[in-house]
Amino acid sequence: ADLKFKPGEDSKFNWASFEEFKKGHDLKGQTLTIFGPWRGEDEALFKSVYAYFVEATGAEIKYSSSENYEQQIVIDTQAGSPPDVAILPQPGLIADLASKGYLTPLGDETKQWLLDNYAAGQSWVDLSTYNGKDGTAALYAFPYKIDVKSLVWYVPENFEDAGYEVPKTMEELKALTEKIAADGEKPWCIGLGSGGATGWPATDWVEDLMLRTQAPDVYDKWVKNEIPFNDPAVTGALDEFGWFARNDQFVDGGAAAVASTDFRDSPKGLFTSPPKCYLHHQASFIPSFFPEGTVIGEDADFFYMPPYESKKELGNPVLGAGTLALITKDTPAARAFIEFLKTPIAHEVWMAQTSFLTPYKSVNVDIYGNPPLKKQGEILLSATTFRFDGSDLMPGKIGAGAFWTGMVDFVGGKSSADVAADVQKAWDAIK
Amino acid sequence: MNPSTRSPLTWAVHVSVLLLVVLWTMPTAGLLISSLRDKDQLAVSGWWTALATSSRNSVARAPSADSQVERDGKFVISGNFLGGQPGQVSAFGFSSREPAKFKPGETAELNDGERLTVQEDGSFEIVSDKRMEGSRGQRIFFTSATPPRFTLENYGEVLSAEGIGRSFINSLTVAVPSTVIPILIAAFAAYALAWMPFPGRAILLAVVVGLLVVPLQMSLIPLLKLYNGVGAFFGVPAKTYMGIWLAHTGFGLPLAIYLLRNYMAGLPREIMESARVDGASDFDIFVKIILPLSFPALASFAIFQFLWTWNDLLVAIVFLGTGQDQLVLTGRLVNLLGSRGGNWEILTASAFITIVVPLIVFFALQRYLVRGLLAGSVKGG
Amino acid sequence: MQLVAAILMMIAGVLACAAYFWSTNFILDWIFPSKGLSGAAASRNLRITNAIRPWLFLAPALFALTIYLIYPVIQSAILSLHDRGGLNFVGLRNYVWMINDGEFRQSIFNNFLWLLVVPALSTFFGLIIAALTDRIWWGNIAKTLIFMPMAISFVGAAVIWKFIYDYRAEGSEQIGLLNAIVVAFGGLPEAWITLPFWNNFFLMVILIWIQTGFAMVILSAALRGIPEETIEAAVIDGANGWQIFFKIMVPQIWGTIAVVWTTITILVLKVFDIVLAMTNGQWQSQVLANLMFDWMFRGGGDFGRGASIAVVIMVLVIPIMIWNIRNATKEMGGR
Amino acid sequence: MTGLLLKDIRKSYGAVDVIHGINLEIKEGEFVVFVGPSGCGKSTLLRMIAGLEEITGGDMFIDGDRVNDVPPSKRGIAMVFQSYALYPHMTVYDNMAFGMRIARESKEEIDRRVRSAAEILQLTKYLDRLPKALSGGQRQRVAIGRAICRNPKVFLFDEPLSNLDAALRVATRIEIAKLSERMSGTTMIYVTHDQVEAMTLADRIVVLSAGHIEQVGAPLELYERPANLFVARFIGSPAMNVFPSTISAAGAQTTVMLAGGKSVTLDISTNASENGTEASFGVRPEDLRVTDSEDFLFEGTVAIVEALGEVTLLYIEGLVENEPIIAKIPGITQVGRGDKVRFTADRAKLHLFDAAGQSYRR
Amino acid sequence: MTGLLLKDIRKSYGAVDVIHGINLEIKEGEFVVFVGPSGCGKSTLLRMIAGLEEITGGDMFIDGDRVNDVPPSKRGIAMVFQSYALYPHMTVYDNMAFGMRIARESKEEIDRRVRSAAEILQLTKYLDRLPKALSGGQRQRVAIGRAICRNPKVFLFDEPLSNLDAALRVATRIEIAKLSERMSGTTMIYVTHDQVEAMTLADRIVVLSAGHIEQVGAPLELYERPANLFVARFIGSPAMNVFPSTISAAGAQTTVMLAGGKSVTLDISTNASENGTEASFGVRPEDLRVTDSEDFLFEGTVAIVEALGEVTLLYIEGLVENEPIIAKIPGITQVGRGDKVRFTADRAKLHLFDAAGQSYRR
């Protein structure tokens, strides 16, 4: 196969793990079907990773993705023709698949592996543990490829021209926001538009602010609806978001534009002449929507979404998201693939390119393909709290439905209490 | 009829059609123009502005310090940020706060003692007394009038994608039989419903109408289950071309039957009677009389069925799969978009690439929508 | 190579289908011959073949309809009585939930709006365009242009309309055509698709824009089937263009107009792509089909509720079915 | 034997009764012509024989087999439709060849037959045209050609010559006659409004009126001995002149008193009981002669003179209410408008009908 | 003045020339009948007058205005189509009322006119029916009714009576004549294959053949002095008998030698130069009389006898190649098949045509 990095050549890579895996697995003549969310550039990157699996085992991999992959996986599992391995970004959906009995548990050995090898291992185990068809919890998923969401993007030169400083605390961030507004400029670009998924960028905001205003266990209760959605803790976070997004002076286009501006278009305001805004809250993937030729770290950069000075005790929480690999059809190849994901090389190959973060402790962080990636990796590793995207953890109908709609209504002017009550009502309806 | 029977208001007809056409094409025109534009422009300015010379604020970056030359004891970086493109600079600046502070020809004092001059044609010069440093060049903001500029890059990108030819053939392999088979089946059924008396005819017709409403999404799971079952039983793969043809056939049938029956029922019954008297069986009548006379309806339906099967992604993915030798063109194009699907330049270009074949089909079949097909057959009426 | 295989496969598929009709027909005549037989036997055989033949013609269609549509309908009906996993019987609970669900009621209301507006306007525009383009030399080009929206994929259409409805704040450059126009006339830009109630109409415009091509093609075929001489007679009778159109042409293709209207009506009941792509039912623009899709597939899906909404959608066509039975029996009365 | 037998055949369209019980036997090889006023049910009857119209009541037999439920294609018929019913998508040639192709005739045979039919019908030039590029008469000829190409047991012609010019009509009529002669086993049923056609072609003429049969008979029989007033007036053109009259002397010869007061004696026997009853006295226009003698039938003033070249029609008004008496005088006559003329007629050519319209000459 | 003027009117369908330069003037209020063989271009000409068919060449004037490009609706015409062209979705009543409704006539007026037309055409019973539930003749009557309801400047009738029975045809013909009389300013153009119609209705008859005019004239003129062989044979039924002959003595009276060797002298003058040239000698069947005298025209054996009641047709074969000579004898004659009969005719009724077919009687 076409291997991106010749085994054994670059000593930064953990080639030993590759050789070891190669020795232990021979799957010649077998085919492994993988179904994942990655398309386009991401698909090419993923291919470059699984090429090593192919090289090592001799198995053939059929990877496919589709625009409607969530729908696709539901149909395929229901109808009884699932792929061998599915990789999905939504824990909610995974929970559902698990509860219907379509997933194969990965076993205690993997659980132990996660505890041992992933930073903040317990939170990954928690994330990967779901109730099966019989109601017993088991580890069903293997987290692989993480995105950091607690990032604020800006253009350093614009900061320079205007004399702004990167804020270190939330209080400073708010002050900066007010200062920019006072200068007659718009501080933020916020866009919630995403076609059928309109609203989701706001949920990231809220979750990030939840982690910065509440203790992690409140967050956990929130996503499990152990505290109601209209709990003051939640409405508080909503209002914090409202402070940024519902102020016509603070957002480009005014509050009215927030809901309808496409999230893919919104960061472009950072780069116009004159700049339409100075700050943009978005996950680590967003540079693909920056103008062509933008160099991260120079033309644009990011800083960690700062915590409140006043809530020091919460430390540096990080909101993230990621994809989880599942065995949807129990075959030796599928098992082997999960094993493969446990090798450092499966992480390093992607790390060495772009847009891949991992909590795997024993990978060589020097391999990160570029400084920003490394910086994100550091944010991830220095996190005192790591939490997975809450809306992805909630049931689909809420996390990919009522919550989005609620956020759209919220920026449209509805009060936080009403919005939260609506979401809670929807949640009640599916119980 | 001949021209002299036309209403004298033909100009009104021309004008109204033109108006409607403009109304209907306007959105698509936007798409077309967008597909020819530079992708970064898409989100910043309206597509219609691309057609005219427009005044635009842009940012350029001067080459980095590496490219400075020493001239008369001064260090100079020069270049042209219009890059040879026609255009005219009307103002410039070096700070994001004052992007249009200077007029072309003026000299701007940069913060660190460098001096920047920009000419109308976009050429600029940064002059400094001391050697300049830094890996990034100076940002220059400028306002320029740029004439329309289009690029075929987006199309190039889409068309050069790997496996696109293969997907094209896959799509055709799906679409052609998925168009022909339902037409054949539906035509027979429509004939029976229109011209053969049997009990329960009206009810059956109504059921067909009712089935038009069945949401595709509802059928996918039960059908895929069935396919898997059948595939397992015969030991063949569940996802085959045969399977998708039949699926498209099933989904297309109600409309096909409904449209064709309506058309066939309107054919003059004398023609059928006369064929019957000539000794033709129902089969003969169908093949030799009804089919040729139903060409307009067959062609119309063929246009739509082809279009649906060609543009379909869902059914193809569910019943055919996404492997190399199955992935259809729409699937391939969607996969070109990033995982978050925001590449509008690819979207727009691929929308136009997929549209071509259905439009050819439309054009080709349109000539079967002829006038006066029945002229001369019966007298009176 | 693949091309050859594909072509062979296509030919085989189509031939197999044709062969069915030919051979069954042949076999029927062979089992019950009527030629060469005399009297009673022949006429008995004739009666039998006449009773069987329609079913032979219908059989493949019925087979495909049963498997691909009726079977799923039954499945849905059964599913609608079960819980989210489709395993436990819950009786009518899903329906009860539905009636009490505000979103459902909203969808029903919106769907009504859609049903009132879209089929009527699509058919109307389709008819007008078909009639107007019929008699001008560049009619075919005009038709092709108006047909184009039909050929564009939904994804493409969504992008197109984004470029129309896009909203940028007052003062900044509008990249949405509609707002650009509004601003050019001195108005204030609006975020069109977020205006509750009215956004329904902005979404409908998209479907009308697409479906007009459908109506146009079908009606154009029908218009061309009108006997030319009746139009000539009307011209002689002194009728002008409008009168000919409304009093001579429209009544003669009334059946087809009804068919087009019915088809689009049913399509409207099913349509969700547009809503999904543009708003996903937010800002109170939810429709039944999208709601169903939502429940079916979002986050693993709740098949019970999804199916019960599907059942409601299917029940909504019953009046249309009855109307069609009426028409069919009336029309076939003389036959 | 390819005879037809119609037993109490009835037809109604919904509530409208169109055919009220027709009984008719047609022998193999016979040439039967249906005549009757427009709308009386001729086409309907023909279409029922062809099997195109469901038979509401009664039985139909072809060759002794009940065919009520036999489809048209199995009845062995060829038909010329009143409305032509050409296949619009086929050329003239294909239109004519269609039936034979269905019957799997050989290519040469088809070609021979089509060409000969086209020759007869003067269609050879148009064989490659589609029906829409033909004139009305040409279309009608294609319809005829389509039928005569074939070799059926029964021919049905529904007003096949109505759109042809006189010469062509005569020529085609003769061809049909020849055809009937050549195919002696073939039964022909022919609907026409043209008396000449009916008279020249028919072995027997069936006169229909409002869905029932008025009289069946050989052509001359119908002309000379119409069974009733309807047939008398229907056969012959212009129609027979009818005078209201009263029987003044019944017997082997009958004397009737015309409205004008003149009495006429006819060679028709009546029962004595009829004495004094109302009767209709009829004489055909062509049987009237202008006379100077005193032995005239009636006298009147010519209101209109229509010179047709070959004959002249004289219209005498005022003798019978609401209707002119017409005389048809051979050649071109000197009689002018306003002239008072006396007319006479052969006694043998006078007709007498009773009050119910039945002829006394039985 | 609602006259029509056709100047060198031409029509071709693609490569097919159908009308080859027609020059014709029709005066206001005139009743002109077009006759000619099937396919000669009558309907096409009518449709050009109506404006339904583009004029390929030449000019057409109505009322002195060039109307080549005037749309039909502005020409003030009513037309009966050969193919009826009824509105299938309208009842008989609505079909007839449509034109008047378009013209915004009052409801009462429309009703009055429709009912009176329906009365005339015996359609009253069918006013509520759709065309598809009518017989062929009834449909044709609706087509007529639709035209005569209206009040146009020009009436165009394309074979309007072809599907009607004799009685109805006569009645309708008379109604049309009355209509023409009543609306004296209205020009009527009428296409028919029926000689009687042509003769009785026409002020002038236009004889067309293969797209050009053969002769225009008053009915009797055409009958008595046909300009050429075509008209001579076309007018009159059966057609004029024509014998090939040679002029043996030209002069004030002309003597011709028939093929059989018999010579006949006619009251027709010819130039001396014509002596010895070929000529066609013609005599109409109805002008032939059976004679016993020696002064007969020709003698032949009767091959067929067709008794039509009113007249008898005798077919004498073998005299002229390929064509029988026909004699039309009034009444029912005793002559039978195989009889050898002598025929004679009035000298004044003999016709002579030169080799090109032009009549010598000018």
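Here the chain labels run A, B, C, D and E in written order, and each chain numbers its own residues starting at 1.
Going forward, contacts are C-beta pairs under 8 Å (C-beta built on N, C-alpha and C of every residue); 3 or more make two chains touch, one makes a residue touch a chain.
What you are looking at is a predicted structure, and each value in this text was computed from that prediction instead of being measured.
**Student:** Which contact partners do chain A and chain D have in common?
**Tutor:** B, C
**Student:** Per the contact rule at the top, check every chain pair and give me the one with the most C-beta pairs in contact.
**Tutor:** Per chain pair, the contact count peaks at B-C.
**Student:** Of all chains present, which has the mean Cα position farthest from that of chain B?
**Tutor:** Greatest centre separation from chain B goes to chain D.
**Student:** When you take the mean of every protein CA atom shown, which chain's own CA mean is nearest to it?
**Tutor:** C
**Student:** Using mean C-alpha positions as chain centres, tell me how far chain C is from chain D in Å, no decimals.
**Tutor:** 55
**Student:** Please work out the Cα centroid separation of chain A and chain E, and write it as a whole number of Å.
**Tutor:** Comparing mean C-alpha positions, chain E is 93 Å from chain A.
**Student:** So what's the Cα centroid distance for chain D and chain E, whole Å?
**Tutor:** 22
**Student:** Using Cα averages as centroids, what's the distance between chain B and chain E in whole Å?
**Tutor:** The separation of the two C-alpha centroids amounts to 63 Å.
**Student:** List, in ascending order, every residue of chain E touching at least 2 other chains.
**Tutor:** Within chain E, the residues that touch at least two other chains are 51-52, 71-72, 82-83, 86, 88, 132-133, 136, 140.
**Student:** Find every residue in chain C that makes contact with two or more other chains and list them.
**Tutor:** Answer for chain C, listing residues that touch two or more other chains: 155, 227, 229, 232, 235, 240, 296-297, 334.
**Student:** Please output the residue numbers of chain A that touch at least 2 other chains, ranges allowed.
**Tutor:** Residues 67-68, 71, 262 of chain A each touch two or more of the other chains.
**Student:** Which residues of chain E touch chain D once you look at their complex with the stated criterion?
**Tutor:** Those residues of chain E that touch chain D are 13, 16, 35-39, 41-44, 82-83, 133-138, 140-141, 158-159, 162-170, 193-196, 199-200, 219-220, 223-224, 233-239, 284, 286, 306-311, 328, 330-332.
**Student:** Enumerate the contact residues on chain A facing chain C in the complex.
**Tutor:** Per the stated touch rule, the residues are 67-68, 70-71, 74, 90, 92-93, 95-97, 99-100, 195-199, 252-254, 256-257, 259-262, 276, 395-397, 399-401, 404-405, 408, 412, 429-430.
**Student:** Which of the residues in chain D end up touching chain C in this complex?
**Tutor:** 13, 64-67, 69-71, 74
**Student:** Please give the residue numbers of chain B that touch chain A in the complex, ascending.
**Tutor:** Residues 39-40, 43-44, 57-59, 95-97, 99, 135-136, 139, 141-142, 217, 220-225, 227-228, 238-239, 313-314, 317-318, 321-323, 327, 331, 334-343.
**Student:** Going by the contact rule set out above, which residues of chain A touch chain B in the complex?
**Tutor:** 37-43, 62, 64-68, 71-72, 75-76, 78-81, 155, 157-158, 161-162, 262, 264-265, 268, 271-275, 285, 288-289, 291-292, 298
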